[in-house]
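Two complexes follow with chain A in common, the first pairing it with chain B and the second with chain C.
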Partner chain A sequence: MIGTSQEQHLRNQSLHQRRRGILGNTLEAQKKRFGLIFALPAFFFFGAFYLYPLFQTFYVSLFSWGLLDAPRFLGMANYSRLFTDREFINSVWVSFVYAFGVVVPIWFIALGLALIFNRPFPGRQAYLTVYYIPAVISLTVWSLIWLLMYNPTFGLFSVAARAVGITGLRMLDDPSTAMPAMIILSIWKGTPVYMVIFIAGLRAIPTDYYEAAQIDGANAWQRLLYITLPLLRPVFLYVMVISIIEAFKVFTPMYILTNGGPGSATRVLSMFIFQNGFQYLKMGYASAASVIFLLILLALAIVQFRLLRFQQND
Partner chain B sequence: MKMRIYTTLVLSLILALLISACALPAAAPTEGGVTSGAPTIEMLYMTHNHAPSIPVNEAIIAEFEASHPNVKITFDNAPHANFEQKVLTAFAGGQGPDVFWAGDWMVPQFLASGIIAPVDPTAFGVATQEEFEALFEPGSLDAFKADGKIYTGGISEYNTFSLIYNVDALVEAGIEPLPKDRPITWEELADIAARLTVKEGDVITRIGLAWPFTVPIWTVLIQEPMLRQKGGELITPEGMPDFTQEPMVAVMTYLQQLRKAEAIDPATYTDLLQDFANGRSAMIFGGPWAVAPLKTMNPDLNWDIAPLPQFADAVERVTTLYAWAWFVSAKSSPEKQKAAWEFVNLLTSKQREWWEKVGYVQARKTEIDGMPLREYYAQTDPRLATIFADYAYGKFEFRSTKYFELSDIWTRAQDRVLSGEDVMSVLMDAQAQAEAAMAD
Partner chain C sequence: MPRSITRPLSAILGQCALFAGAILITTPALYMLSASFMTNSELFSARFQLLPSTLYWGNYVEVFARFNFMRYLSNSVFVTGVIVLLNLLFSPMVGYSLAKFDYPGKNILLLFILATVMVPFTAILIPLFLIVRGLGWVNTYQGLIIPFAMSAFGIFLMRQFIVSVPDDYIDAARIDGASEFRIYFQIVLPLIQPALITLAIIVFVASWDEFLWMLVVTTGDALRTLPIGLAKFREQYQTRFELMMAGSVIAAAPVVIMFLALQRRFLQGMAGLSGLK
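And now, the complex of A and B:
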């Protein structure tokens, strides 16, 4: 009983301290206060540069506003117009095609390369450096390089295609090949970044597991299937979330290589928003498209986080 | 307790953000102007960053500041591609320039937004707008007029397009150099361009004719004269775009035929002047600005200039006209506007510098070395005389506050037509998009 009473007392004391929270004079409260003070700049940064624009975007989406004139309240009219705008619907579709066309191959190529580079072999660092170069080149420069690469007369890509018997390739000029052209250059550019993340994930797996499995007679394929891949799940899901969001945000290659064309074959959602907002001065309409864009990304992120939670519980 | 405090903090922040986010400027704020008694007038001058123009602008600023000690000019230049967006967003943020460059196609948007001020003729030493207009080449200020007023202090870059061609390529193909005194027809051009295209196997090593196919303003500059030659206008008298009119169908069909004949090929295009200078294209469209760079890029290239082609059944001879001009902000204080117009007067008085150092043709009349301006320009390169003859038939681009949207729609339609899609169905789509754009 005495013990129980003491425990109860301590519990009450702890509860009391917790209730005093950051306002008390305890060491814990002081630490929390400092923590809060240190967190405040980030908190305000997040508020000013993320939350504020978010609310502002939604608010502007309810208006017809040309930047230079007085805003006119429309309610949800911009949203209803968007869903009948064939160019907008095309942009959403194009964004999905691009995003999944890029990220799915990236996941597997990056993982494959990470598995290769996770093992020691002669010249590994040199190869790793070469493979990582595209990641450090600016996307603008990268796009300009590929603009020349795709030239049907002298571009390296076209020359290589001809060397393997593929003739008459007009990557950027043909609506059926313009999007694959964008996907190829983006896979090349994005893979090294995710490869490095996978390598970091692989190195975090304790070697004991592999040693134990080897003693138990597991072959390389079984070790990959039953140790590496399950333990890489969190990293894989992180890569999935980030890569999909990044892919949806794409703008530069389309802006430089095709300006969204031919026709609207590569007019992704971010380009649709940019053109409507800053070229056509339809800020309300562009904001409504941005809100839809955000909701799409949010839905994808929620699905992925649910998957992550499910996998972790599993 | 802790949770409550955190919750309160977060909710307060969100509330504050919501309240502040729900604030839209009623309109672009008005410049407060110079405070009374301020010793100096500070002006912002904004241009795009065409490299040769920067030192010329800087020299003229220095000269103006020396003669106007009470004026301080801040010079800002931005990349050409996004310059217009920068100007507009600067105005939207209340930080608009006092003097700035912009293209003639921006005028309807500027007027609708009340951004630009009508010219003050007294700054140019004349009393009326009519006298001011007489200082310039006839018709050169047409795109800048509204309600009987002129909304520019002059043109910084006055342009038309003519046909620039590789003489040796024509001779090799057994074609006589093109006449200078009359335009060939578009139909003749199609035949010549197809013959000038050179292929190795299925690879085009030289294309007959090229222009920047994905740049919307080029779509307008190339196709609008064609449309007008056929008797069409993009914008009807009622102010609505008409993409399905017969002349537009004819122009698009013509372009599709050019593509089918491999006289043009958007896939081979990299850079207008570089491609031409390096022999990757045999003919291009260009203005006076092309002459100096071409001579530098390939001094050995044998090229010449012909008038802009006309359709065989053209109802009238039409070429294109476009211009960049100096504008003064209507948002600036009267003191600043007065100083700004005087500054623009100086800028437009430097015809020799703009031509010799930048390659920009000026529209303000003058005599240099005892010669009228055009004559002076032409004596620097006799080929220019052909381009200058094309100015006489020039018409400025269509005027609409939806210029960018309509030119994008036009370009997307062109893309699809060049890809082989049915002309009429493409144009019907374009029409639907244009009507939606206008309804906004």
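And now, the complex of A and C:
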């Protein structure tokens, strides 16, 4: 009798403990479950529309496929063809020329403007608004505006060029000026965004640094060189990474103004992929080009992060 | 020269330079506006005109009459509107989960979301099209919308804001017996309202402007959004610049007006993308 009641007691106790254990776990488990439920859409979405396509790009690149016929396995043949395709090599080159032609001037102009806007002056907010306007105009619209601007006979750009003595300018028809034409409109549109990012970065620098430097007798130039620029490094790196990716993604201005021409002068990688995929229906070949495109950007990102680590160490 | 003279002098010169810069920077936009009010012969005349001789509204009338412009406009409004709503629904939810919960796979998800910021859309264009085609979504609204239902940067932006919401608020509500959904809707969301507006602005601008995907996924005229409609118009009517500019003004107006109305929020949003506030 006693034994059984003791057993009962023990059983009750362990049951109690277990229940507490379960209860404790359920609170934690419940939290875990809700965390997962809230994140579930993201798992599905990024799985279906990013992760799966990333693998699929590589998989499709191993085939010859025109969408309407059956895919034919090629192995790495698409890649070996790409590396001997002068059009592709040209596209890689054109993308690099465009990207660096755009981003390097943008870094300097945006930083310069940010330094100007970092100090108070009459009408600062109004000027900031006006200077930002190119960034809020849709890129399609911006491209159409510049199509008109570059028109050889009555476009404002050509008219202005004539006014300073440059005649016979056909920006979009001449292979040597088509790329500069793209670069000009892209710098014009891209600078304000990075200017605003730099302004935010400058504002995050504590003012005591400047006050201390001023007490020590540092002049404006020294303050810029030894306080502002070093402390702006993380922002500068962010701007570098994002602007280069953005520049490599470019498509719309080329589609609207030149369609990659004249010849292949403005056929950037996105244009190459788009044309091979959707105009010549070479899904495998375009996918192989996409993989190379991705690898190029990956390599650039690694170089930039190396640069960051190096800068942090010194 | 004494400083008392050079100071105001440089200030005046600075103002002049800023003003000249402002004129230069806005010239393309003003030129678009001006050209949209010119007649075709005015724009094409041998004597260059910067401004129209009269405000000619005919281009705006013709742009709606001549082609499916109304359709493009309503498609753009609908597609952009739904994309913004979907992002407002999902981004804070996922951001909250990443900021305040712990579960297996969380860090992988966060890392992956961060990594997708680096993946250019073009690199997954072909397979994404193949998936959408497999689902039978080519030339449908869901085909235009669903690939943009979430964005990595939106989720990340929300996460950054929600991390700064004190845990005490959430735990106090939990002790009071509020359900997790109630905590999310009645405590977390109201606290991050400014961030939600920023998110809405950024997503609105990006999807209003989206070009490549809309170009690839629309096969007919019926589902084209404004950017695609304008690009196709340019292919058909090579020389009707005044109509192109009228259409462009209409396409650019919503974002420009929104920017002028909400400039501070806009600029903060752009800076916010870089993780600075």
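Just so it is clear, the second predicted complex is superposed on the first by the 271 of 314 C-alpha atoms of A that agree within 3 Å, B and C clash if a C-alpha of one lies under 4 Å from a C-alpha of the other, contacts with A are read in each partner's own complex, and residues count from 1 in each chain.
Definition applied: a contact is a pair of C-beta atoms (placed from the backbone, for glycine too) under 8 Å apart; a residue touches a chain by one contact, two chains touch by 3 or more.
Because the structure is predicted, anything quoted here is derived from the model rather than measured.
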Which superposed partner A:Ser290 touches (first chain B, second chain C, both, neither): second
Which of chain B and chain C A:Phe49 touches, first, second, both or neither: second
Chain A: partner with more touched residues, chain B or chain C: C
Contacts of A:Pro230 with chain B and chain C, given as first, second, both or neither: neither
Partner chain(s) touched by A:Val60 [first = chain B, second = chain C, both, neither]: both
Touching partner for A:Leu148 - first (chain B), second (chain C), both, neither: both
Which superposed partner A:Asp174 touches (first chain B, second chain C, both, neither): first
Partner chain(s) touched by A:Gly112 [first = chain B, second = chain C, both, neither]: neither
Touching partner for A:Pro206 - first (chain B), second (chain C), both, neither: neither
Partner chain in contact with A:Gly263 - chain B first, chain C second, else both or neither: first
On chain A, the residue positions that both chain B and chain C contact, one per complex: 32, 43, 51-52, 54, 56, 60, 147-148, 151, 153, 278
Contact set on chain C toward chain A in their complex: 11, 14-15, 18, 21-22, 25-29, 31-32, 35, 43-45, 48, 50, 90, 93-94, 96-98, 100-103, 105-106, 109, 112-113, 116, 118-131, 146-147, 149-150, 152, 155, 180, 184, 205, 208-209, 211-212, 215-216, 226-227, 230-231, 234, 241, 244-245, 248, 251-252, 255-256, 259-260, 263, 266-267, 270-271, 273-277
Complex interface listing, chain A residues touching chain B: 18-23, 32, 43, 47, 51-52, 54-56, 58-60, 63-71, 85-87, 147-148, 151-153, 158, 162, 167-168, 170-175, 258-264, 275, 278-282, 285
Chain C-facing residues of chain A, complex: 30-36, 38-39, 41-43, 45-46, 48-54, 56-57, 60, 116, 121-123, 125, 127-142, 144-149, 151, 153-154, 156, 159, 188, 193, 196-197, 199-201, 203-204, 235, 238-239, 241-242, 245, 248-249, 251-252, 255-256, 269-270, 273-274, 277-278, 283, 286-287, 290-291, 293-294, 297-298, 301
Residue ranges of chain B in contact with chain A within the complex: 1-2, 5, 13-14, 17-18, 20-22, 24-28, 85, 88-89, 91-92, 109, 112-115, 201-205, 214-215, 265-268, 270, 280, 402, 404-405, 408, 411-412, 415-416, 418-419, 433, 436-437, 440
